[in-house]
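Following are the structures in question.
Two complexes are shown next, each including subunit A; its partner changes from subunit B in the first to subunit C in the second.
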Partner chain A sequence: MLRDALLIAGRDLRVEWRSRVATNQVAPLALVIVMLFAFALDPARGILARAAPGLFWVAVVLCALLIVQRAATVESGDGVRDALRLTALSPAGMFLGKVLAIGAELLALEALLLVGVIVLYNAAPSTEGWPLVVATAALATACIAAAGTLYGVLASGLRVRDTLLPLLLLPVLAPVLIGATRAFEAAFAGVPADGWLWLGLLGVFALVYIVIGALAYGPLLEET
Partner chain B sequence: METVIHLRGAVALLGRFPALAGVDLDVAAGEIVLVRGPNGAGKTTLLRALAGLVPFTAGDATVLGHDLRRDRVRHRPRVGLLSFHGGLYDELTVADNVWFWTRAAGADQADAEAAMAVLGLDGRLAGVDVAKLSSGQRRRVALAVLLARRPELWLLDEPHAGLDNDARDLLDGLVREAATAGATVLVASHELERAGALAARQVVVSGGIVRDEETPGAA
Partner chain C sequence: MTDTAVTTTGSAAAPTGTGSMGTRVIGLAALVGAVFLVLLGLVWSPEDITQRELVRIMYVHVPSATIAYLCCFLTTIGSVMFLWKRSVWWDTVAYAAAEIGAVFMALACVTGAIWARPTWGTFWVWDDARLVTSAMLFLLLVGYLALRKVPGDPDVRAKRSAWLGLLLVPNVILVRQSVEWWRTLHQKATIQPTQLGAEMDGLMLFSLFCGFVVGTLVFAWLVIHRFRVAWLEREADESMLADAIAERRAEAIDSGTGGDPFGPRTGEAFG
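And now, the complex of A and B:
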């Protein structure tokens, strides 16, 4: 299963490397979103700094929609789905591979966004808050990537997938958005102890999404 | 000779429409069979069902020793399906595609390289994005993928479409070689002259059933 996951992750990242969708389209969009928030909420009034954790994760989720949609589109090429079904790859391995690839792209995007937040919003995690920031980013990314991969394959067989995917995915990601924002708030406020409970919640969500995804990916690949 | 395909009253539905409405068919190992019939007769559905991509909902269906009514997944890695759609990643190069699909099928790098060399894809074309290829070149890449997988059952849907004469001759030679080595080949085609010359046997699909079987020259 690990071999299958690495094969799929390598292929997806190679597709991204060659098409540069994440680097040339999604990353600039993420920076534009961060800048728009800065224009809308005057930095001088201090609102931006207080809202920075929430704005960061809203930007991540919006950009994640594009990355997930792109990852699902890769599998919807002419005959690709049938060809995948005829391989010896385990469905759970395929699922984990796509989660790894989406996760890697999201983590790179989050690093870029965090720099944008620090520079534009004048808000940064406290020194003792950095471990919480890193752990929160890892678990929230796992949640987004797992849910995104699952709903991506669910919607990819449909003609209305482009509009349906956000509609399906955003409600599922709402608890992740809340948990990640609260944990970041604690890290930014210099009280990381307040964030570990939220981190635990994210861990539970990540585990649930990954287990359900690994089990459901095969049947969804067959039936949709 | 071992029976590779055994269908009795096999039914496959596309939605509620019986695309295969009770097919009887036996094919032995090493046979090359031409599947012919008008558009919409059920040729492609027959190939997809034999590959396990469309479920048989009634009758008996055994392929490569597997009862497809019980399990239509486990035999798939032993099947090679050359479909009209190709199943290639446009964003990847020819070499990346052949390598990925070969690894995904459990074969190794050497199989991929050998198949590319046979299909003339090991030179300049290896580094070209599939999106930039002509339909005939894409067909060659799909054929290289199939060859690298070394399937025991070849299911070829309109395999000559889009190929130039040299590639067609090459394809026919590969099919004959595979059959000689023991692989079973079903060719669904409208090009009766060329595909008929390739096949030792013909079956006619019409209205979702196999109406009759003929030997070459009798059609």
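And now, the complex of A and C:
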């Protein structure tokens, strides 16, 4: 199963690397969002620096939508689904592979966004807050990637998938947004002890979605 | 819907209309109960010491919120049962419960906001986990219903909806937990919603109880009817497909024997 996962993750990342959509479109869009927040909230009054953790995660979730949609679209063209089913790879492995690929892209995006937030919002994690930032980013990424992959396959193949996916996925990601933002706030404020509690919630969320996603991926891939 | 039912060739167990003896009894009981609740809630029960007249909205608000959560559970149960048993019956239960749940949740949110404005001075606060969870549940139900309305193969839709419905309860629990922590960790809730129960006047408690009974009757009536409408819709879809296939077959036979395939069909379509 793990071998299958790595195979699928490798394929997805190769496709993304060659198409350059993530680097040429999604990453610049993330920076555009960061700029837009600055226009919406007056930077002069320090609102941006205080809201930075929340804005960071809103930007991540919005960009994740595009990445998830891309990952689902890759499977829907030219009978790829049928071809995948014929490969006899384990469906759970395929699911994990897609989660890994989306997760890797998200982590790269988060690194870029964090630099953007530090430079443009004048807000940075405190020295003792860095381990919390890294752990939160890793867990929240697992949450978004797992839920995104599952909802991506739920909406895939439908004519209305581009509009349906955000409606289905964004409310579901609300706990991740809350948890990751609070943990980041604690790390930015220099009181990481307050933030570690949230990682438990993120961990449970990731676990629920990885388990249900691994179970559901096979049946959902079959009937479309 | 009765007309559609007559033309369908469904199994003997299929309902031939959305009304039945049982639903008429439930409907009548709900109607009588609603009149009684209006009198009880608006006239007979006393006003609250602190909330004055505003307490009366609780007799509708609390039952509708509770029933909405009940519907959410019913949808998840229906979805799990569908995935297990593959029965259309359970799929339809999940669908009907989700739609009625969305209606009750909207009612709960609106009555809550109407109550909150004079009591808390604002329509909405973020300090109460129940409020935020309810709003999120409403959005999750709307998403579920959006997936249900996507045109396409009914079996594919049923399976996808079932997985989505299965996730409904876990999602609500996760949202509830996150909002609860968010509010309690950061600031103590400044406004405590009135604690219902111990100190309530007897007649007020009875009014609330009546609200639950009437709400449950309305819920049962609506869900049964919604279930039957959904069932008939499905049957109508299937019979229309069968009719279309039969029509095309007849057309092919007609053209084979030299007859005009368009003549009788146009006549039927407008006849």
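Criterion: the second predicted complex is superposed on the first by the 223 of 224 C-alpha atoms of A that agree within 3 Å, B and C clash if a C-alpha of one lies under 4 Å from a C-alpha of the other, contacts with A are read in each partner's own complex, and residues count from 1 in each chain.
Please note the rule applied: a contact is a pair of C-beta atoms (placed from the backbone, for glycine too) under 8 Å apart; a residue touches a chain by one contact, two chains touch by 3 or more.
Every value quoted in this text rests on a predicted model; they were computed, and no experiment measured them.
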| item | value |
| --- | --- |
| Partners on subunit A (subunit B, subunit C) - clash or fit | fit |
| Which of subunit B and subunit C A:Arg182 touches, first, second, both or neither | second |
| Partner chain(s) touched by A:Asp82 [first = subunit B, second = subunit C, both, neither] | first |
| Greater subunit A contact set [subunit C / subunit B] | C |
| Which superposed partner A:Lys98 touches (first subunit B, second subunit C, both, neither) | neither |
| Inter-centroid angle subunit B-subunit A-subunit C after superposition on A [Cα, multiple of 10°] | 80 |
| First, second, both or neither for A:Arg70, with subunit B first and subunit C second | neither |
| Minimum Cα separation, subunit C to subunit B, after superposition on A (Å) | 6 |
| Those residues of subunit A which subunit B touches in one complex and subunit C touches in the other | none |
| Of subunit A, residues touching subunit B in the complex | 4, 7, 11, 14-15, 18-19, 74, 77-80, 82-89 |
| Sites on subunit C touched by subunit A in the complex | 83, 136, 139-140, 142-143, 146-147, 150, 152, 155-156, 159-160, 163-164, 166-167, 170-171, 174-175, 177-179, 181-182, 185-186 |
| For the subunit B and subunit A complex, residues of the former touching the latter | 48, 51-53, 76-77, 79-81, 83-92, 96, 100-101, 103-106, 129, 145 |
| Residues of subunit A that touch subunit C when the two form their complex | 150, 154-155, 158-160, 164, 167-168, 171-172, 174-175, 178-179, 182, 194, 197-198, 201, 204-205, 208, 212, 216, 219-220, 223-224 |
